[in-house]
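Structures are listed in the sections that come next.
Note that subunit A is present in both complexes that follow, paired respectively with subunit B and with subunit C.
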Partner chain A sequence: MTIYNFYLFDRNGTCLYYTDWNRKKQMTMSKEEEFKLMYGMIFSIKSFVSRLSPTDMKDGFLNYSTSKYKLHFFETPSGLKFIMNTDLSVGSMKDVLHQMFSSIYVEYVVKNPLCALDQPITSELFKNKLDEFVRGLPQFAVKPGS
Partner chain B sequence: MTIFSVYIINKAGSLIYHYDAPNTTRPAVEKTFSYPLELVLKVFDEKVTVAFGERDGIKVGHAVLGINGIPAEGRFLKDKREILEVLSSEKNYPINVKFGRPPLSINERIMLASMLHSLFAIGSQLSPEPHSSGIRTMETDTFKLHCHQTMTGVKFVIITDPKQGHVDAILKKMYEAYADFALKNPFYSLDMPIRAELFDNSLQSVIEQADKYGISNI
Partner chain C sequence: MSRQANRAGDPRKVNGELFTLTYGALVAQLIKDYENDEQVNKQLDKMGYNMGVRLIEDFLARANTGRCNDFRETADVIAKVAFKLYLGLTPVVSNWSTTGDEFSLLLESNPLTEFVELPPGHSNLNYSNLLCGALRGALEMVQMDVDVRFVQDILKGDNITEIRLKFIKRLEDAVPVGED
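Presenting the complex of A and B:
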């Protein structure tokens, strides 16, 4: 099991925070382009899923998987989007993403008066706490031989 | 085992076949209102939909399907009256309005199919590991989408209950049916919508079998 990377978007599509741990593929496009592509994809998936659903939805889109990775998605009612890529063996990350929101984002960004809420996060404290939290997760264990 | 619907998308992203399970009825709620209406309605995408105010099973996003038993057609009633006008005049009350999730029109399905086609491609582009395929499964709280892309680029998509595990066997069976009854049909031109009775029947029997005996026995 391993965690590849993490994106945090606000409701306007600004990438507030990005970090990666065990990412193997390097992108040919710039980070800004990648963020836009990711946000656009998530936005479309949300609309796609809400129209395709046979019944009314509560949480909406949760995750998707390809042959190599699994993308987990969590959105708060305020429109913050937490996106995490892991490998395929990881189960539901809903609680983990919710915890990142409630005990890291709220604690170290919202409660920090020096952090503007619609700007990319520069707080070192937030970065360190998030890194520490993710590295402590049982899902983080790096695959042997990689 | 619940299969809600099946879509087949050709390599260019257009919908060539779709099937809805007959037992999946979209929920509808009928209720009699007195003046003024407690819901906020808006015209969205040529449909009168609920924008605010959920009550008695009526949810945001539901569309007006009919008034006093007269079915709706877009934002008009079948008798050519505009729905919002009917609902705004007090003399029509008490009024019986039927709400429900709007059914997918064929144009919407075509659009959703091409949307999935590009999401599929972006999914593989944004992969953190090299050589990733496109989206294979997509999970939500109400359904799970399974997508199987063949070597020739045709995508078989089925939408099932979220608890449904591996459905690869069903997808493969559908591919078999496609190869046997669509591709071998001399009147079928490639990448065009599939209209073959034999294919319909064999696809339905795959789904029925899966429903009855579970996927292990197909």
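Presenting the complex of A and C:
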């Protein structure tokens, strides 16, 4: 199991934070372009899913898998979007993403009056805590040789 | 709301008097700094708004309530969960308009005004106006544009403190910017 990378978007589509751990294929476009593309895709998937759902949805879009990776999505009612890519063997990351929101974003960004809420996060404390948290997850373990 | 308070246990157990007195000092300073009560009200509302915008994230993280489907559910969450969590009291929700887009929060006691008497000459001051701003800011972050104001205030001789909330409109999600 492994975690590749992480995106955090605000309600206006600004990428507040991006980081990667085991991303093997480097991006072929600029970061800004990639963020826009990612946000656009998430936005479209959300609207697809809600329009095409034959029943009333509670959670909406949670994740998708390709043959190579799995994308996990969590959105707060305030419109923050937490996105994480992992390999296929990882189960639901909903609780983990919620925890990243409640015990890292809220604690180290919202409660830090010097962090603007609509700007990319520059706080070192936040970066370190997030990194520490993700590296400590059981889903993070990289299989030797993989 | 400090991180230390969080570590030490339940932040609700922070001395309530400290909060009340700090708020009192803030209002007293604003009265000194500004010429009239209207401006003080405006500043309190603005500060409240800035607090509400952040407080909503803390609230969502702790209460873990999902999205509200209608304004009645919103009213319930505000009164029974949010007021309880941050001020330790549960206002009564009443006076619904027939269209269901307006209601009142009735507070029998207001923790902010525990030690307060309004001196003469401040009849326009809404002492607890910070609450209005906080409610407005928090609701705006969950896509609701709401008008919040005081209609009755125990400090002004009314029997009860009444905050009126009026739903104005639903704010839409931002659409991603197109390719240039």
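Note that the second predicted complex is superposed on the first by the 145 of 146 C-alpha atoms of A that agree within 3 Å, B and C clash if a C-alpha of one lies under 4 Å from a C-alpha of the other, contacts with A are read in each partner's own complex, and residues count from 1 in each chain.
Keep this in mind: a residue touches a chain if its C-beta (ideal position, glycine included) is under 8 Å from a C-beta of that chain, and two chains touch if they have at least 3 such contacts.
Computed from a prediction, not measured in an experiment: that's the story for all the values here.
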Review point. Is A:85 in contact with subunit B, with subunit C, with both, or with neither (first, second, both, neither)?
Key: first
Exercise for review: Examine A:36 and indicate which partner it touches, taking first as subunit B and second as subunit C; both and neither are also allowed.
Suggested key: second
Practice item. Considering only touches as defined above, state whether A:13 meets subunit B (first), subunit C (second), both or neither. Key: second
Exercise for review: Check the residue A:48 against both partner chains and state whether it touches subunit B (first), subunit C (second), both, or neither.
Suggested key: first
Check your understanding: Is the number of subunit A residues in contact higher for subunit B or for subunit C?
Key -> B
**Study point:** Doubly contacted residues of subunit A, that is, touched by subunit B and again by subunit C
**Key:** 40, 58
Point to revise | Residue ranges of subunit B in contact with subunit A within the complex | key: 4-5, 24, 26-27, 59, 61-62, 101, 104, 108, 112, 115-116, 118-119, 122-143, 145, 159
**Study point:** Contact footprint of subunit A on subunit C as seen in their complex
**Key:** 1-3, 6, 53-54, 56-58, 60-62, 64-68, 141-143, 173-177
Exercise for review: Sort out for me which residues of subunit A touch subunit C in the complex.
Suggested key: 11-13, 36, 39-40, 43, 58, 76-80, 98, 101-103, 105-107, 110-111, 117
Check your understanding: subunit B touches which residues of subunit A in the complex?
Key -> 4-5, 20, 22-25, 34, 37-38, 40-41, 44-45, 48-69, 71, 85, 87
